[in-house]
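Each of the next two complexes has subunit A plus one more chain, namely subunit B in the first and subunit C in the second.
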Partner chain A sequence: MSYVIGIYRRLISVQIRSQMQYRFPFLVDLVATGFITISGFVTLAFVMQRFGSIAGWKLGEVAFLYGMVETSFGLMDMIFSGFDPGNFGRQTRLGRFDQLLLRPVDITLQVLGSEFVIRRLGRIAQGVVILILALTMIHIHWTFVKVLYLPVVLSSLIAFFGGLNIIGATISFWTLESIEIVNIFTYGGTEMMSYPMQIYPHWLRDFFSYVLPAIFLNYYPSLYFLGKPDPLHFPTIAPFLAPVAGFGVLGIALAFWKFGIRHYQSTGT
Partner chain B sequence: MSPIIQVSDLRKHFKLARHYRGFLGSLRNLFTRQYRLVRAVDGISFNIEPGELVGYIGPNGAGKSTTIKMLAGLLVPTSGDLFINNHIPWRDRKSYVANIGAVFGQRTTLWWDLPVIESLDLLQYIYRVPAERFQRNLDEFRQLLDLDTFIDTPVRSLSLGQRMRADLCAAMMHDPVLLFLDEPTIGLDVVAKERIRQFIMHINHEHGTTILLTTHDLSDVEKLCERVMIIDHGKLLYDGALEILRERFGGKRKLVVDFAQEYETVEVEGAEVVARDGLRVTYEFERGTMTASNLIGRLSTLFRIHDLEVREPDIEATVRRIYEERLLEK
Partner chain C sequence: MRLFIELVKRSFQRQLTYRAATFAGLATNFFFGMLRVAVMIALYGARSDVNGLSLRGAITFTGLTQALIGFLSLFGWYDMMNSIYTGAVACDLLKPMGYFTFWLAQDFGRALAQFVLRGFIIMAAYAVLIGIVFPQGIEQWAAVIVTMLLAWLISFAWRFLVNLSGFWTPDARAIGRFGFVLLYFVTGFLMPLRFFPDWFVRLCYYTPFPHMVNTVVEVYLGVLKGPQLVWALVKQASWAVLLVLVCQLTLRAGVRRLVIQGG
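On to the complex of A and B.
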């Protein structure tokens, strides 16, 4: 186990040191990715100021949703950047994956350690700022359970997005062109999850409940934290399904990933 | 001792998908596929004994890389058996690769932005090489490969030749019993090639490392390998000594003669004049029907000879003939 942690720590440290060598692009990117996040939110704030609320959600409440998604997506994008579908697919075609297979270390660990994009800190920081902003605008009645549950929800979100990335990386074993379709789910999903789910049409909400269980990762936990009633009448356990949904998706993704590696090793494409 | 590499009836067949272009095409690719079957490796068998240095040659697309990838545990065979260093490579990947080394032509195993020495340090950790052995190997290899001038340089700034030397060093740091080299001299100048050949020779002799190398450059094979395997269209065409290959398929040999005086006609039975330039005449003769000494004997009874030289056809031409004329196909 200490060998595994040692490998991971060393691989990540290589990535961080490499990125520090390119200081200017690093800083530009840090600021730019953060700016995209904050400007998205500022736009939303202006729109909401005009209409007052979205489906009964006040600006502060939407900001809470938004901040949760942005923070966890940013963290995921940093931790799971080795599985970024487009980049992973290109690297694999350049023979990089073969090089990893030649080393006597678990392959998943190596891919995880093959990238660690620290400039995502820009996005994470903006996410945290929005989250803090939300907490100043609304009053959450904090209980012991809520304090404990918040980091659980955040890590479930990271696991969920990470799972989507792994699924995308796995699909790139078969096709590189279709990766854009995966990105629709990842980026589209993130975007959708930043708003109260009740605003969406029935079929779309069903998709994000029963196919890709995003609704249990952000919307339901947020209802719980904000103390809002459930307009969709799910069972009362719904807000607490975040870890099941998040780590369930990650587990399925890892199983698919293992399957993809076997496919890769039998086709070499 | 039993063979370190045992390959029997190894096959690798690929289904190659037809690709449609564009966005709609990519949707179509996702759901419908039409395939073409490619028999990249089509039933090859061979054994390699510990300590051998074997050249594996063949034209582009012959199946060389696919074979090496299966041997290195990267690809799972379609059928056939592989038993290498007491492992089935693809099945026990992690424990198998811990004791092999591999350098794949133009791809580096090193970390792009790290100085060479730090990549080596990282590999020491990954392969759990004891510090003392690591130091011993490092001292030996940095001298043999002349790494000192660039050992603190990031890999991205190295020339191709330097990078190849660094990669060879990296592949040997954990004392693998088996080394796979896929095009180790591709794109290098003569001096760099020579240094790499010296190194390959050294580790084969001094460390007893079994080496299988693929190459385009037949002078690699000529200088390094006693045994050569030729693959084409996924089948092994030849497996044996380089010398025998030359004897069987070498084609016509040449005899270049410098006469001591002018002759009007220089024809001789059993050989053909292919070039004549002043006193110098070049004959060609068939390997099976005429020996060099016999021909020289005949010439010296007819003419006064100043000097002469027998020229063997080069191995490159020999192998090209084998491919082109399909000499080895049954």
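On to the complex of A and C.
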């Protein structure tokens, strides 16, 4: 285990050092990625000022949803960018994946360590700021369980988004190009989970509850943290399913990934 | 002129060959559109009109903006920057045609193809599945076409300038990312600018950005009428002319600076 961690640390530190060589682009990127999140939040704040609330959710409450998603998606995007379908598809097409297969180190670990995008810190930081802003605007009745559960929800979200990335990367073994359709689930998922999910049409909500269990990762835990009633009448255990849903998706994704590697055929490049 | 038309045609045809990518883009644009429709419906709740925009108008806004993504390359365009870094720019500068016009022609072909393959289909799907408003009468349709062409010209000039930074620095991608990220917010892409506070909208209109999206939306929805409409088009046209001039001047300075990389 310590051997694995040692290798991972080395791979990541190479990444960080090489990215720090270009300081100016790094700083501009940091600002740019953060700016997306901030402009999203300011837009939300402006619109909520005009409308008051959305489906009974006030600005602070929606900001809580948004901050949770941004923070965890940013963290995932930094840690799991080796599996980013667009990037991974390109690497596979160029035959770089074959090089990794020849090395005597676990392949999943190598792909995980092949990319670590530190400019995502911009997005993560803004996500945290939004989360803090949200917490100042709303009054959460903190209990011991809630304090313990918050980091669990965040790590479940990271696992969930990471799982989606791994599934996207695995599909590109067969398609060999980045399949933008996967964006519907990753970027579409984050967009969707940033709003109270009761607002979506029935079929869409059902898909993101029973096929892809996104609803249990942010919406239900947030109902619990904010002490809001459930308009959809799910069983009372729903808010606590986040780790099952998040790590479940990650587990299935990893199994699919292993299956993909066993059936992998090189492009011959 | 014949050369220009030929370039437009070639670029149009090139877009047609990326069928899988076009379909994926279409599906993604439409899916996001559905999410945005749900947000609009929830925001409006029992309201019928918010600052001059009806719910049906707001829903049409989401379709229209999703339809403009491909047409205006709203999420970023790095083709020219890439050609600078591969060294292809050396040949392009020698072509019997201005560098600006060369890319203008190609981008027009690209925009047309994106409009036909993505914009039009998204609007048609919206019209059938969700229901949208349409411009009334021949004058408004004409105004819509004019404002869309001007919006494209402004967006192209902006993208040209952003890409031109590649003449100065070997890593302009970061600048590009910032230049394009800015657009989500101040063009009125994320939400109609009418929903924002007045002081902020005034601030935005000191820049050319709202003329890329917000003006098109307001002309299409018929929010701007009569003299207001004419005035909006005049302002839009002025920004287009100004930006094209800036492009030419910057290009002239850039060519003197350019160091060809690779080859």
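In this text, the second predicted complex is superposed on the first by the 261 of 269 C-alpha atoms of A that agree within 3 Å, B and C clash if a C-alpha of one lies under 4 Å from a C-alpha of the other, contacts with A are read in each partner's own complex, and residues count from 1 in each chain.
FYI, a residue touches a chain if its C-beta (ideal position, glycine included) is under 8 Å from a C-beta of that chain, and two chains touch if they have at least 3 such contacts.
What you see is a predicted model, and the numbers here were worked out from it, not measured in a lab.
Chemist: Now for A:101: first (subunit B), second (subunit C), both, or neither, which partner does it touch?
Modeler: A:101 sits against subunit B, while subunit C stays out of touch.
Chemist: If you stack the two complexes on chain A, which partner ends up touching A:265: first (subunit B), second (subunit C), both, or neither?
Modeler: first
Chemist: Look at A:5 in the shared chain and tell me whether it touches subunit B only, subunit C only, both, or neither; answer first, second, both or neither.
Modeler: neither
Chemist: I'd like to know which partner A:16 touches here: subunit B for first, subunit C for second, both or neither.
Modeler: neither
Chemist: So in the superposed three-chain picture, is A:32 touching just subunit B, just subunit C, both, or none of them (first/second/both/neither)?
Modeler: Once the two structures are laid over each other on A, A:32 reaches subunit C alone.
Chemist: Based on the superposed arrangement, let me know which partner A:145 touches: subunit B (first), subunit C (second), both, or neither?
Modeler: A:145 contacts neither subunit B nor subunit C.
Chemist: When the two structures are overlaid on chain A, which partner does A:181 contact: first (subunit B), second (subunit C), both, or neither?
Modeler: both
Chemist: One more residue to check, A:255. First (subunit B), second (subunit C), both or neither?
Modeler: Neither partner.
Chemist: Look at A:232 in the shared chain and tell me whether it touches subunit B only, subunit C only, both, or neither; answer first, second, both or neither.
Modeler: neither
Chemist: Check subunit A for residues that touch subunit B in one structure and subunit C in the other, and list them.
Modeler: 177, 180-181.
Chemist: Could you please specify the touching residues of subunit B with respect to subunit A in the complex?
Modeler: 14-15, 19, 23, 25-27, 29-30, 66, 69, 72-76, 78, 90, 93-95, 97-98, 102, 104, 107-109, 111-114, 118, 122, 125-128, 154
Chemist: Over in the complex, which subunit C residues touch subunit A? Could you list them?
Modeler: 20-21, 24-25, 27-28, 31-32, 34-35, 38-39, 41-45, 47, 50-51, 171, 173-175, 177-178, 181-182, 184-185, 190-191, 195-197, 200
Chemist: In the complex, go through subunit A and note every residue touching subunit B.
Modeler: Residues 3, 6-7, 10-11, 14, 17-18, 21, 94-96, 98-99, 101-106, 175, 177-178, 180-181, 262, 265-269.
Chemist: Hey, which residues of subunit A end up touching subunit C in the complex?
Modeler: Counting only subunit A, the residues touching subunit C are 22, 24-26, 28-29, 31-33, 35-36, 39-40, 42-43, 46-47, 49-51, 54-55, 177, 179-181, 183-184, 187-188, 191-192, 195-196, 199-201, 204.
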